[in-house]
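A, B, C and D are the chain letters, set down in written order, and residue numbers restart from 1 in every chain.
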Amino acid sequence: MQTLQRFALIGSGFIGQVHAANLASHPGVELALVCDIDHARAETVAQRFGAVAGSVQQALNSDAIDAVLIASATPTHADLLEQAVRAGKAVYCEKPIDLSLQRARDVVEKISPIKVPVTVGFNRRFDLSHQQLKAQFKQGVIGKAELIQMACRASELPPISYLHASGGQMRDQAIHFFDLLRWLTEDEVVTVGALGAALAMPEIREFDVDTSVLIMRMQQGALAQLDNTRRTAYGYDERISVMGSAGMLASESQSTRGATLYQGNGITQPGLYADWFSRVQTTYYSHLDAFVRHIKGEQVDGLPGLIDGLRAQAIAEAAQLSLVRGEFVAVEGI
Amino acid sequence: MQTLQRFALIGSGFIGQVHAANLASHPGVELALVCDIDHARAETVAQRFGAVAGSVQQALNSDAIDAVLIASATPTHADLLEQAVRAGKAVYCEKPIDLSLQRARDVVEKISPIKVPVTVGFNRRFDLSHQQLKAQFKQGVIGKAELIQMACRASELPPISYLHASGGQMRDQAIHFFDLLRWLTEDEVVTVGALGAALAMPEIREFDVDTSVLIMRMQQGALAQLDNTRRTAYGYDERISVMGSAGMLASESQSTRGATLYQGNGITQPGLYADWFSRVQTTYYSHLDAFVRHIKGEQVDGLPGLIDGLRAQAIAEAAQLSLVRGEFVAVEGI
Amino acid sequence: MQTLQRFALIGSGFIGQVHAANLASHPGVELALVCDIDHARAETVAQRFGAVAGSVQQALNSDAIDAVLIASATPTHADLLEQAVRAGKAVYCEKPIDLSLQRARDVVEKISPIKVPVTVGFNRRFDLSHQQLKAQFKQGVIGKAELIQMACRASELPPISYLHASGGQMRDQAIHFFDLLRWLTEDEVVTVGALGAALAMPEIREFDVDTSVLIMRMQQGALAQLDNTRRTAYGYDERISVMGSAGMLASESQSTRGATLYQGNGITQPGLYADWFSRVQTTYYSHLDAFVRHIKGEQVDGLPGLIDGLRAQAIAEAAQLSLVRGEFVAVEGI
Amino acid sequence: MQTLQRFALIGSGFIGQVHAANLASHPGVELALVCDIDHARAETVAQRFGAVAGSVQQALNSDAIDAVLIASATPTHADLLEQAVRAGKAVYCEKPIDLSLQRARDVVEKISPIKVPVTVGFNRRFDLSHQQLKAQFKQGVIGKAELIQMACRASELPPISYLHASGGQMRDQAIHFFDLLRWLTEDEVVTVGALGAALAMPEIREFDVDTSVLIMRMQQGALAQLDNTRRTAYGYDERISVMGSAGMLASESQSTRGATLYQGNGITQPGLYADWFSRVQTTYYSHLDAFVRHIKGEQVDGLPGLIDGLRAQAIAEAAQLSLVRGEFVAVEGI
């Protein structure tokens, strides 16, 4: 019989509860402890998933905990990550490590020598269609990458309070696609140019944009595009295409299941997923599963690590600078 | 807090285990008991899903059991259904009630006066796309039904032993679509004509067909088509379109997620589901969920009942007769 | 410089004018003469396309005419065909040869010994998608044919006067698909069963149907389906799929060009062609072109000939009988 | 009877011959004269289309010529345009007016006061799908434009000699999309950023790129993207989507007609048009037709004029500068 990985979950808000459900249902995992600064919430979540509530110190000090999943507020990530690694726990840390790239770098530098399994929450790598795109690309089906086109379009505006704390569209939303771009192409971004505007929420214009277009040059020569919006009027639209010297692979707009209506002079198919969560929901589980296999010593390709976290963030910083300064910006080395 | 419906599962083979997993994960259900003539298998399945193994008599006699799910071999269905209903249990009975329509009718006649919730396993009504087709049709989006086209194409040949016991393609495979046709149109089949052949498995020609085409006339005037095969070379292909006086609604071939390849002079998209089970898997849970809501007294539309079981079977009998005799056959009333 | 084939066109109504435009624009053809019992119409059409108007006798007797295209009223086809062949002209004859299969057979028997190029107007063989389906099927891409599904759905009801003279849905509309079925599979229909109803035009119920479903058994074992309607509410829907032992080839519903709208929870694509003519229009030219190449001695595959005309008609007769008698009908040999 | 517009065609190379065929077949046009510095070619083309060959001076001086279509080499456009306008002819001038924006501006300034009908060769506005996108956008179906995504991907590398004379990817290829962007949105580009590389043809790196990505800001706030390549390995891929506040309209990748193959775990559809010409061919005729209607005094929306030519060129200049300098560039006013 297999040994279960005993997890403590830190943070039991919306995403914390998604992780709680996945931890509880994963056959190789025991959700042992739930921690939250809102202890009542931790209690409720713990009870629902057959765990107990407790403090972060319990999680870090107990031998009965093998791994920690950090899903608390962003400003707490860096400290918790450092402490958990120092405590010898395997760590699944939601992105970003810290909104300050410098702070993130400092932590990573300190903990890198400590050899415990760590992954950073770039769960979209585990989208089934993106995975198949990567697999075929890696097999050489379309040759060398030349032109990458990406769209990252959320369907519903977040509350303005969320945006104030998010670090901006580059650091919060586009960052997933900076990671996907690096992962898919196994290449690095060297230059980025960005234009943005607050079209859907003019009231955020002083500190953020809700619509943006980016172009990037990759080290091995490929060129890439990305557009982002915080609000479509047609559902959640996430897509990537990689054009290579021998063809194009595309992970296209995904529609939900449903009936198609043929009527008059139109054919109406079911639309896209209603929101980002309904589209990416299953990737959290797949990411967790990959991490658990990694903990057990299995060879797992493409698990996002600390350096991946820093690199995506460095691109986001450059993109943010480009937005603000109106010029192309070189991506800093890590 | 809600009261859990305590289920006994009878039969723990392939489909029994699908039901076991669903019963175990449904928040309104407790999987209490697992019964099987292969007691060791019952033990294994019970243990995996946190239940206990026991006998059918325990299931029927215990006050700690509210409902019974019959997933044992077809020849046992009728007796178990009768006993369970007489014992006052709610019953989810896999189709068919019995391979003999007369035997099925006798049982239904005997138990109909007893008012307990019963459903028969026409789970495909719970396919998300079919559901949306039905919902839009019922709203009148396409007017009155005129022409229904259905394809029921399994991808892999079953073992010949299965076919010997199945009752034939009409009673085993096409029957799901006879039920879907009645449910979608809320109409009855009056005449059926069928042609069939053993093209993929010539060795079954003496007792069955593996490929068949059918046409049907409905009471309210619509005409319908169905084709069936036991083996495609392109995955599981289940589709239905209903053409009405004001448009057409289609639940089309469903492809799985994946990357699209543009290359040379072709565009290759992900193919269909590999087999029937990967396509219909989620419908078992949805059917169970609808049944549980029905048990609790909720108004649930379209839950397949005993009469639905008999009616679909009567169409299958007529289709079988048409195949054998080479003539159109009227569907008997129930 | 190439020699032009000098054509006389007999019949200058709607289809006659389609042929006139094609004859006038084909680089290997000279439209020399236009004949019509409505001589004024012949004059108008002749003038528009740079030809002269004249009588049928001129067409048949003049050495300056190499070929005749018969697009006059159906009851005149058989006589004109016979006379033109006896006069040594190449003949493109609109289908059917005659509404009476016996009359058509008699004519074919009489003229078959005379060796002039003749084609019968089954222009839909020249649909680009059907052509590619046939080409791939013939290459063996999907193995042996097992299950053919066809839909023949016109978008707009013809005038009732047209229906009175048409010979009925089997002889007028379905006949194109009987021909396509034979041509695609290179096989013959042996048995046909049909059900029909007058759903869109109840007033024709005494003499015709407007909606019908058919099943057929082919000599080499395949099974086929066809449905027909005279009126959809979603455009002209012509499609064919051939399932073989190694895959399926489909010539699917064709949408016109246009913009796709993503909005709310739906994706609306351009609908199908508005009517049969806009879909099949180009096939008349392609058929003519194939015939001209045949006249010049080129090897042309799949040009529909006299026997093809008779065979499609024999299936239509059997289908009509099946509709009326409510039984399966064997297709007569020719 | 209608008066024919008598055209002189100047230039009878590849595109000149396309125009010759359209002029010859348009019912409102007479192709009267064909001019070319290669007089023998002019003779051949004239003969093929029932015209006569002659000199440019004949074309400009003769009262028997109403309109001139300039399809000669780019360096001759500006002079011929000026002379033809001064001669009082209606002029259809292939783009660009001149590779030098300054030279183009000078000519336009000189001839603008002379009121004759003039159109510049941005024929892609007449793509049927783009036209429908524009029509629906103008009706307000998707609200205000926010994010435009465009791909302009040719399938086959042109000869290097062509590239040397072309003015570069911005002025030669992307310019069509600068025009489409202005026309679709009825807005102007204010800033452009571009990155490019010679990935398919490294040998052109000293003077041009073959792959490029661009981002643009529009005056009314929208953001736009464009990518260009000179060589795909999957056919000609031209697409545009306009996301607005209330939905998205897309003129998507267009596949040719053909059969769909379902086999194994893939569905292969007919690929895209083989090359740019097979996709855009019909737009030349539609553009000509719109111009002829304009000449006759009909109100024609969206006919590209001299100012459109200058504006698209100004964007191309800015894009070229951005490519070279590695910075965002403001688009000059005209």
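Keep in mind that, in the parts below, a residue touches a chain if its C-beta (ideal position, glycine included) is under 8 Å from a C-beta of that chain, and two chains touch if they have at least 3 such contacts.
The shown structure was predicted, so the numbers you read here are calculated from the model rather than taken from an experiment.
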| item | value |
| --- | --- |
| Count of contact steps on the shortest path from chain A to chain C | 1 |
| Type of chain C:chain D copy interface by residue overlap (half), same or different | same |
| Superposition rotation for chain B onto chain D, Cα-based, multiple of 5° | 180 |
| Interchain centroid distance [CA atoms averaged], chain B/chain D, Å | 58 |
| Whole-Å separation of chain centres (CA-atom averages), chain A against chain D | 42 |
| Multi-chain contact residues (two or more partners), chain B | 142, 232-234, 237, 246-248, 262-264, 270 |
| Contact set on chain A toward chain D in their complex | 142-143, 146-147, 149, 151, 153, 191, 193-197, 199-200, 211-217, 221-225, 227, 229, 232-234, 237, 243-248, 326-328 |
| Footprint of chain D on chain B - complex, ascending | 232-235, 237, 253, 255, 262-272, 274 |
| Footprint of chain D on chain C - complex, ascending | 128-130, 132-133, 136, 141-142, 246-252, 254, 257-264, 270 |
